[in-house]
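Letters are used for the chains, namely A, B, C and D, taken in the order the chains are written, and counting of residues starts over at 1 for each.
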Amino acid sequence: MHDTKKILAVTGIRSEYDILFPVIDGLRQSPDFDVEVVVCGAHLSAQHGDTQTKILEDGFVIADRIDSLYATERLTQRPKGISALISGLSQTVERVKPDFLLVVGDREESIATALVGNYMDVLVAHIGGGDPVFGNADDPVRMAVSKLAHIHFATAEPYAENLHRLGEEAHRICFSGTPGLDNIVNEPHIGLDKVSDFIGTALHDYVVVLKHPLSSEQADAAAQMRVTLQAVSSFCQQHHFKAVVIQSNSDPGANAMAEVTQSFRSDACVFCHTLPREIFVNLMRHAKVLIGNSSMGILEAPTYGLPVVNVGHRQQGRLNAGNVEFVEYDVGLIQSAIQKAALDGAYRETIKQIRSPYGDGHAAQRIVDFLSAIERKDFAKWHMKRQLVG
Amino acid sequence: MHDTKKILAVTGIRSEYDILFPVIDGLRQSPDFDVEVVVCGAHLSAQHGDTQTKILEDGFVIADRIDSLYATERLTQRPKGISALISGLSQTVERVKPDFLLVVGDREESIATALVGNYMDVLVAHIGGGDPVFGNADDPVRMAVSKLAHIHFATAEPYAENLHRLGEEAHRICFSGTPGLDNIVNEPHIGLDKVSDFIGTALHDYVVVLKHPLSSEQADAAAQMRVTLQAVSSFCQQHHFKAVVIQSNSDPGANAMAEVTQSFRSDACVFCHTLPREIFVNLMRHAKVLIGNSSMGILEAPTYGLPVVNVGHRQQGRLNAGNVEFVEYDVGLIQSAIQKAALDGAYRETIKQIRSPYGDGHAAQRIVDFLSAIERKDFAKWHMKRQLVG
Amino acid sequence: MHDTKKILAVTGIRSEYDILFPVIDGLRQSPDFDVEVVVCGAHLSAQHGDTQTKILEDGFVIADRIDSLYATERLTQRPKGISALISGLSQTVERVKPDFLLVVGDREESIATALVGNYMDVLVAHIGGGDPVFGNADDPVRMAVSKLAHIHFATAEPYAENLHRLGEEAHRICFSGTPGLDNIVNEPHIGLDKVSDFIGTALHDYVVVLKHPLSSEQADAAAQMRVTLQAVSSFCQQHHFKAVVIQSNSDPGANAMAEVTQSFRSDACVFCHTLPREIFVNLMRHAKVLIGNSSMGILEAPTYGLPVVNVGHRQQGRLNAGNVEFVEYDVGLIQSAIQKAALDGAYRETIKQIRSPYGDGHAAQRIVDFLSAIERKDFAKWHMKRQLVG
Amino acid sequence: MHDTKKILAVTGIRSEYDILFPVIDGLRQSPDFDVEVVVCGAHLSAQHGDTQTKILEDGFVIADRIDSLYATERLTQRPKGISALISGLSQTVERVKPDFLLVVGDREESIATALVGNYMDVLVAHIGGGDPVFGNADDPVRMAVSKLAHIHFATAEPYAENLHRLGEEAHRICFSGTPGLDNIVNEPHIGLDKVSDFIGTALHDYVVVLKHPLSSEQADAAAQMRVTLQAVSSFCQQHHFKAVVIQSNSDPGANAMAEVTQSFRSDACVFCHTLPREIFVNLMRHAKVLIGNSSMGILEAPTYGLPVVNVGHRQQGRLNAGNVEFVEYDVGLIQSAIQKAALDGAYRETIKQIRSPYGDGHAAQRIVDFLSAIERKDFAKWHMKRQLVG
């Protein structure tokens, strides 16, 4: 009898699911694994597009749905969400008895999953450790998750080294690259006309805006969004560009940002909720510039050869392939940076040649292979972490 | 007006409270601080001696009581306890608005407190980080707490260095020693007759047994206790010693251990619930050997000049002053080790001379001074952790 | 020394707080009572206007804030909200040690409060029992709350009789009338010009729309709102009326309704978030018709002499003073009903003369007097419910 | 295709599971039903015998295990347990999508289940409503559950009438009798020698003691147990009886009672944990008297023809077949009552002839038949409760 190993993947928001998807898709195609998914957080919120339906459409078994997003913007939102998730996930893990828990990143689901795995004797595989980004409450959480997880898939080579310096044993660390790039490699090309149809506006030259609130700057969220949109709108009107503005994540401050975008009036700007992956990838393929502070600018834009204007301090500390300019919240500075990114031919040419430090779009296969190689008879060894420091 | 800073200390079990006590006692005596205590876990359990009453007797303000100990021994017990604690503590922190959260060790309350502080913008001061002990589900948690906490009080100099190697910035780390030793230094001496009265048995030559279950060896808990008691009992009967056996903590396996002790019949053994600190300290002062696997053997016994027989694998990886012998679960081996520890005069003399690596019994003052020196105007700097690796 | 009794009032949403306000305002003005408020649910949601600020402005002490509104529209939303509230409220009650818990209505906070009081030996005073409305998941909850509460303030005389028939002892039941009417009696008159300024549109002849989703008809929420708005808009355009459309509550279906209102385009319609009480009361005083399915139409509109068009089945079973017409979801039928209510002089005159069965606007004083008369020495008797049936 | 209906039964403690067992056993033997069980509370506690194993041995599918028993005796224990159970059960119900929730009695699981069913559109079938017992925090809960449940199985005919008077519609009410009696009818007879073997003491003439704490008299729990044991012990020593003392349930006060029993020394008394059903039933068949305050004395003892001495006020208000004498906490009074019950031949003969008002031991079949007759096409009608009062 083939010894199938059971994977329970945990996901809380669409952006993170997009990174997870190539991995769990690869795992279910392997004869070595059974995959089920725990869905929580913003996936279960109508206001955030009820994106659990996407997971069902992708054909995954949903092991449980766990409400973990409170309708508040107070600082209690996230710890209480973790509380709800730990409790619900413990119930699921006891029933499903997975061999591995799988989780991505630095959000609430990462630490909840790592803790449940640690206390309930389930191996935790974590994608995205060792990333030295700082400035957000998420960042120390990512490090804490690394100290709890048993298996680390690093998205960049220097991040794998960081994990080693954090005291993680070498055999637990695999440089896979980020699976987000797998989507770019895998997704069929669609013409700009079809993307335009979906968006509902004819797109030729355009920029994309993707801006999230920063927990440490929550009070400024509305003002930050306003300055950004003013700069984007001025640039677009002057140069006959359009701007596609995509809804923020669910972090505290997001509501204030949404109110600004909903009341912002500019012929140049189109506002969208979450987009299907095939539209999103092709929207990025045809875009001229990405503006905002999404991790996409750092992690995925190099693979698109796309220049990025990162407004504000989110994403600092991370490996930058050279395609990202950091600017302060100043309409003039942002506008100049967009102008260079969108119109300076030499600069754009350099960025097209950039090689991404975040892998080659074949992360999922590396992750599947690494997990396949872990044999049940060695589980006890994998469980026992010897917490030596580097 | 004096700028008093508010400290919210979190404690879940008597053994941990004993370490915390000298610190919060020092803080409330300083004009710089207001102290309140959140009480959770085993403190609220009649079965564990309802030790919240001790905290009230010590005169502290209890900010809230948070139930976080489920009456189960399944692996869900601890993550669900963390869940309850995070939720309740978030509620408390929002109301009390402390400047610092203070917590000790590696138990559920340490990670719950560190997460609440991280997400709710409260500085977290942690006592006991950088300790490389391994083998228990608690151990990776201790490391995760260190990556989340803002201020570290290390109980040994090499542990302070470990924190630095984990990527914690030097200015956040203070080698204070363990405050557990402060109790030994501070506690008035009581004669053995009074200790005997309290225990209810006349004590002359005696050993103390303090044995906890290990999460990774839960299924063996009863057997481990039985073997230990058999060895202790044989030794005692042979050499006219008594053994004072103190109740285990509340971890999974504790119930099984309790059943063994309750049904164990030996004239040499006396069984006690949690003891008041003044009795406990003096019981240790007069004891000949400590047997079991309590952290006391590593951390506090050197200060008493007390030989320790550590049965099993708990506590491995930790700094050992030289007073601890590790033995396997074998009646003969345990008995021999006790014999050497209790009766070998030269060995006992060496141990009396040992210098503890865990400080000098003045940890509390160092902690108070360190926290006093952190000025409110610098809080933002203290909040922003730059997660560099060593 | 005066024996002050401590009241802990629990509130989860603005509409309910408006009913509670005259009561807790009366209680704090009495020398017999100390009042604190627990704030939960939609009060803590930015999306619902962050109405906890209103409670602070009204000068009440907030004992604790308890997150109990999950950002989902799934059926789990409400039981999980109750779960969070019971847990948080138990923590608060243990700290505050109130003599009475006070709560209004049939929402999640009513059953959570009644259960906490029942198990924690605190007398529960409930406003709004015995109301035989049915059709919503809230309705059986109201009855369950009555079986748990110790003191009942009924909003109508037949409802007091219903409580008696449910087996509640006569001495526990007080017909106070609804405190919502106290606001109408107490609120100073403001001219239509000032109301118009606040709303941002010049109002002359206008109707008010206040429509909530029904849990048993959640899937139809959007369609129900659309039909209603179409009828309202047609009527208004034909007769030069305006319609002031006020945001729904937070029940499942509310999001779908909000999307309809946000995308509905009609020059006749103005959309508002929650309004301050002084604006709301005066908006109703000057309105021609109330349309929708708010309990206001049944409970408060008679006091304004205001005709109501109740669209759909919510509110059925309740005492109707004669001012309410029930219509199905049909544009034509709704429009005809509005026409009669707004323009039929004889009908309007009858309604002006109606006497409200819901009291005289002096409910708060009756409630304060009743609670004042309960002496501490009799608490034990008040606690012991003898659950006889009618 | 046969339309199988899915039943999710919820159970939290062994005594309640014994009542539930004949029903879910009957349901799974019917082709109309699939049965799964949610296990919570004391079933999951090693201290209470880890009785979930019994449910597994009986061959039921456990849908989920939900921790809902906190290790505390504070008044927070039960509301917080309900909180944990509502949250976990909502997760289970969303996944399992049962047609019916089934629950017994007045404990935490009854109200948690009724609330989850009410809000999540699942029909709730409740066994044990309409019982007018009072004096405990459970009692109003039972009534609240009746106002929420959709289908009522009454254990006595007058209780069915009470439900009707509470406003429950006649078609929802079925007088089934208590399924606890089915066990007595179904359980094969075992000789006293085998029972003695199991208990570990040779039994001839003996009484059984089953005493639970009362929430409203928690502080007196230890004293109540002591007085009871003293009376029992005196009687037994004088008349050469034995007493089999069975462990209390998990309510607050149980710990204090356990400490008394554990330290009570009497040659006449044997102390047991929870017993297997076949032993328990036969122990009762051969017993002379039942002493304490268990509901068994009221509900099941008549079927055994067994006289009962009910010590204290628990169980007052309930139908008494005539086999129960109520006595105060007084050693002399208790002893006299035992003497009459054990040795007065005429009295004992009367009680043997008693007919139980709690049914004939065929409750399970009536329940299965009633639920079988509810057709899926009528579910909507069964959901909509019209809350008329009697």
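Just so it is clear, contacts are C-beta pairs under 8 Å (C-beta built on N, C-alpha and C of every residue); 3 or more make two chains touch, one makes a residue touch a chain.
A quick map from chain label to UniProt name: A, B, C, D = UDP-N-acetylglucosamine 2-epimerase.
Keep in mind that what you see is a predicted model, and the values were worked out from it rather than measured.
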item: Contact-richer chain pair (by C-beta pairs counted) among B-D and A-B; value: A-B
item: Most distant chain from chain A by Cα centroid; value: D
item: Selected pair, out of A-C, B-C or C-D, that shares over half of its residue contact pairs with A-D; value: B-C
item: Distance from chain C to chain B - Cα centre to Cα centre, in angstrom; value: 52
item: Inter-chain centre distance, chain A versus chain B - centres from mean C-alpha coordinates, in Å; value: 39
item: Of all residues in chain C, the ones touching two or more other chains; value: 65, 74, 76, 80, 84, 87, 91, 94
item: Touch list for chain C against partner chain D, complex; value: 74-76, 78-80, 82-84, 86-87, 89-91, 94, 111, 114-116, 118-121, 130, 132-135, 137, 139-148, 162, 165-167, 215-216, 317, 383-390
item: Chain B contact footprint on chain D (complex, rising order); value: 42, 44-48, 65, 67, 69-74, 76-77, 80, 84, 250, 255-256
item: Parts of chain A lying in touch with chain D, wherever the complex brings them together; value: 63-66, 84, 87-88, 91-92, 94-95
